[in-house]
């Protein structure tokens, strides 16, 4: 199978961390492509930065077609779940994958984050995916980062300490080390934290391959099928072409007959 | 005051409907600018179409600076709440405004929508804003639209009938006629529907002016203040400039000291 | 338009604060009447005191008929949402208005209150209106009040400090200064608090006028239409007369056909 | 022990039904007083009617002091939970008692109601008490009532049929026959409905006696202790006297030290 | 009536505490049987220990048939609500009874527990019963227990102190002293805690008798009726016989016609 | 790695279906053991049957030690999450795995079940895992089953029809074919259902292997670590030995320092 992993940010050093951890989790025969966003920020801390990253991910998907699954490799899942409408293969965010993994390992989890500003956006992302009742806490570094590509080295001690505090004081049964800049750290500190530790990249890459293995089929109807055709303009040629193809393959009866939906 | 109303879609006929209903709700002295997105779709029915519309709205805000408040005039609130981080004045979506108005008029409400496909996205938008427990139902047209600019004329009878069914069968205390293509319809059919009827454009324009009148101050700290400065590339010149200005005015102590956040 | 603002408490000095802040928020042409409850407490801190205030508000509405909108000017919204059934114009509580305003300005908010005892009742009111998931915290003064009419002067420093702690430690994106005794304080301290600050009176007066401007129509059916006629006794002459009129105008088919309602 | 049961409505024929069912559930030695509200409606179908009934219940409690427990005998629990602040003995609403009983008998329940209009108010009452996730459905009579005192005889067949439909179609594990006018009906139809059937009066009278037997102590602190003393006027002499006595016995340190309350 | 109270643990000294408190709450004419589990742990602190206890409770019910009601006397309610399917009389857990009692006495409650490890399981039990929104806090002893049968004597001062902290700092309106080892303590410390204090055994015994008095009828249909007959093996003779009898009496139309169930 | 898959029921023909689908999802090098419960029912439809199955699963785990991961192969997840405390490797239920898979594939899902009676238990299981807000519907067969091992053949047409109705009428974006008796059906009908179709066995087997590959570490502290040692009796020798070993390896500081836990 072909796995496309997209770094929604312009940080190529983080892409290297993503690629290294991705490779540690590949199934035999999986062919990996890691792509770095061509526009955007060095890393995402806020809703607005996520809004800016999302179309760059859509563009990367449009430019690298033919994958059997896509992993969006920034915590906070920019563009999700909208991007699941864009192609007929699984598109998995590393946050939703980490949350799913944490849910299978325990009941309540804490997220360890790299900045104080990032926590509000993370919390909303957890809420969007429906896992807020399981969130024990978000704890974060407070000091300014020196370089995004070396956060896990520069702050390793503090990150482990935050995790242990979450276990001891917040009731966390599982720890999520959040953010692509921390890719690969979990497996290094697993003995220093007394509960399971989840790496978003590892979760995303594993589960994306699992979904392909399960051969569950595509969205040919319902709210994740291709958007209905309608006039558009100003899109990139690649995105425009991808949308056009998807819509031509769309069944005329793809939309649900639901006329009312009781809350 | 200066009010900027943005149609996130490329449909200029819908922009005319938006402008007409906006003008019916202006306070004396309010100066109105209505802008149409320069890229995107004719109208938005899905999460992906909303993802595509969001950066076009950000671009429009960046190009039309100096407003005292901004209204994002597509139901589903593309780009919200992220866009509240972009400028230091209120940015209001017509969905969140309609939901706030409905909540002040009654307890539970129904949304009348123009297509079956649109309902899943609307439901998620209501959930995002926290109003799902008050949603009685979403009822929608089932027939294909002839032209987006004439929906409210072409389907007036059906739309009123859907609203009456929601009142009679779903327990709706308030009706929201959803979508900018229906702008202005509410005040025409108010006598044909026996509960209050909310127009998103009217709600957005009124409440945006109200927020300015309240003079509540800007986000100089917290999760809606300007994103922290960091390397970026590939943004439009206008957006890049706006972000840069916002960040230069940003207090160094803008981020919260919150290190943990119990769910 | 005619706007009726009711102080549910017997404190005329608070009524003066209410009137002053109301006048700062009137649209051109709005005619303001401020009424003080003729029975009740000096101010409300508990559910029971709210129960006692509610019929005094109903009585005030019955005695001052002909308004185009009514604002109930005590935080905690005594009598809401029941009072929305009493007249065919918008009846808005300052809490629900403040919550709606806060929701349009940010995501999570904190409430700054004037006594520790009041916080449980406020929390239940936020819950009743459905905004509990957005509540970051309630912080309150701890010292006994000297006089209800001078709280905002006597405790200005402490109130601003509580607000700043809520921003810095609780994750509040918006501050609500709660209670009619604080009417007008928000606009004075807006520069001392680094997130938007909401005044309940300002929100209530602005949004009530907005709802009238939107011309949404009345509850002629559904659960906020006039209660069905039935024998009654012991009501005040004014309330009895108002109910009688409302019921005579009531359509015989006003009640919903809903026979079951799935949760 | 002395048990005070209050009919919040002016319907003396319903008071007789309440008294008869209450007597069937008295423990040996319990002395029963049934009181009918001196002002109000024949029965309550809406929030506004409940608002009107609540002070009549407060007045009845004030006039009949010395009880060891109070039962508020109208479905919808007018005045609850505020009335728990008024005396230092348990005050139990028949709705909250019926919901507690239903929760001990199964998981999800349906409510059978006497009018369509009443259902919205009932639903909000279930929500207020926190049981909405367990509500399978509310089903109600649709025909106009002939006399409130004979509803259970006039509509016995329809009520049983509604209950059976709730079991068969809505997933109800328990049935609540709602409203004091149905007092005593549950035990007559228990063989005609294949799941447990709860009578609110029976639940209220039994559980109120249980709470007294448990000797749990009174609210001398916290949010249900006596409201802090403050100027008041216009209250009935009985209510004024009761409040005054409660406040004189109030500990000066009764209020919580909680200054912030994370949601 | 005959009341069967089951200690799900093998601790006979705790059974004595259970029996003593049960006797203090018996109605005249109630015949009490207290049974100790024949297999299991000394006391339950975790989900796994509860899993181990549950079949021992089922076995005890099977061995002691003919009761009019059953109380499962371990906080955490091992085997509930499943055990409600096993017999056609009320089966009440002391947690669900304590929660129901607390809900009738106030709004929010705190649980005082005997070990730190036990709190996660308690929290999930509160959630299972739907009362999590009312939970103010769980506070627990931190020191190792000397003997389970003397916890309430060994730690009386600390337990009272924890309760007072919950009232003062967590906003608890009611205290639940959790766990059968604390049976009887509530009535001894009621003067030392300024809000109502609930004893699970007292609540379970009182409410079980109340439910019998209410004569609500059995589950002859729905999801708590006897499980449909099907091949089984390896069950204890007593449980096998009980199941067989229940199934022979089962109506062929016991299962609901519900084919879909909207969330 | 060694994967242990446990059929919690005594149905060996279903174990064969489980084994066949498991083998289709094994990673290279995974060694599979499928075990059938030695006591219990032919299949589980109710809470009580699940209670009976749970200790049989614990026994099977105790008898087959040394696995790197365990899959509990009955929909409804009998014994979960308690069994995660029993061993220091991942223990995954097929329901929680199917729900996690569905959540990565779309937003809302429907469950297709083999009997009407089973639906209440399934709903509670979905709720326990926190996915109820994403549940669109549960639809089930209504006819009696002929043989549990041939359900997927006997009712293939009906099952596919139920799935299509869920997509068309209930808003399901993903279908879960529920229950081990349906193991393997999803991949056969994937072309007949226009949204992704999840098989619980496939999800459980894939995700269990993924969790092992992620090397997340074990619960050495927190609420899923080994239960604290304490007297016990009457357990099977295998379970007793396993518990004893786990407890000897338990760190003395395994329990959290959390003394209070705000809801």
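Note that the chains take the letters A, B, C, D, E and F in the order they are written out, and that residue 1 is the start of every chain.
Following the convention adopted for this analysis, contacts are C-beta pairs under 8 Å (C-beta built on N, C-alpha and C of every residue); 3 or more make two chains touch, one makes a residue touch a chain.
Values in this document were obtained by computation on a predicted structure and should not be read as measured data.
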Q. Going by the stated contact rule, which chains contact subunit A and subunit F alike?
A. B, E
Q | Reference subunit F; chain at largest CA-centroid distance | A | C
**Q.** Copies subunit E and subunit D - interface residue numbers shared by over half, same or different
**A.** same
Q.
On a C-alpha centroid basis, what's the spacing between subunit B and subunit F, in Å?
A. 42
Q: Measure off the straight-line distance from the CA centroid of subunit A to the CA centroid of subunit D, and report it in whole Å.
A: 50
Q) Residue numbers in subunit D touching 2 or more other chains? A) 81, 107, 119-120, 133-134, 170-171, 173, 222-223, 256-258, 261-262
Q: Can you identify all of the chain pairs that touch?
A: A-B, A-C, A-E, A-F, B-C, B-D, B-F, C-D, C-E, D-E, D-F, E-F
Q. Within the complex, which stretch of subunit A touches subunit F?
A. 25, 27-28, 81, 84, 90, 92, 96-97, 100-101, 103-107, 129-131, 133-134, 167-174, 186-187, 190-191, 193-199, 202-203, 206-207, 209-211, 213-225, 251, 254, 256-258, 261
Q | Complex interface listing, subunit B residues touching subunit A | A | 10, 38-43, 45-52, 54-56, 58, 79, 81-83, 85-86, 115-117, 119-121, 123, 128, 132-140, 142, 162, 165-166, 170, 222-223, 227-228, 230-235, 239, 255-263
Q. Okay, in this complex, where on subunit D does subunit F touch?
A. 107-108, 171, 173, 262
Q: Using the touch rule from the top, collect the residues of subunit A that touch subunit C in their complex.
A: 119-120, 124, 262
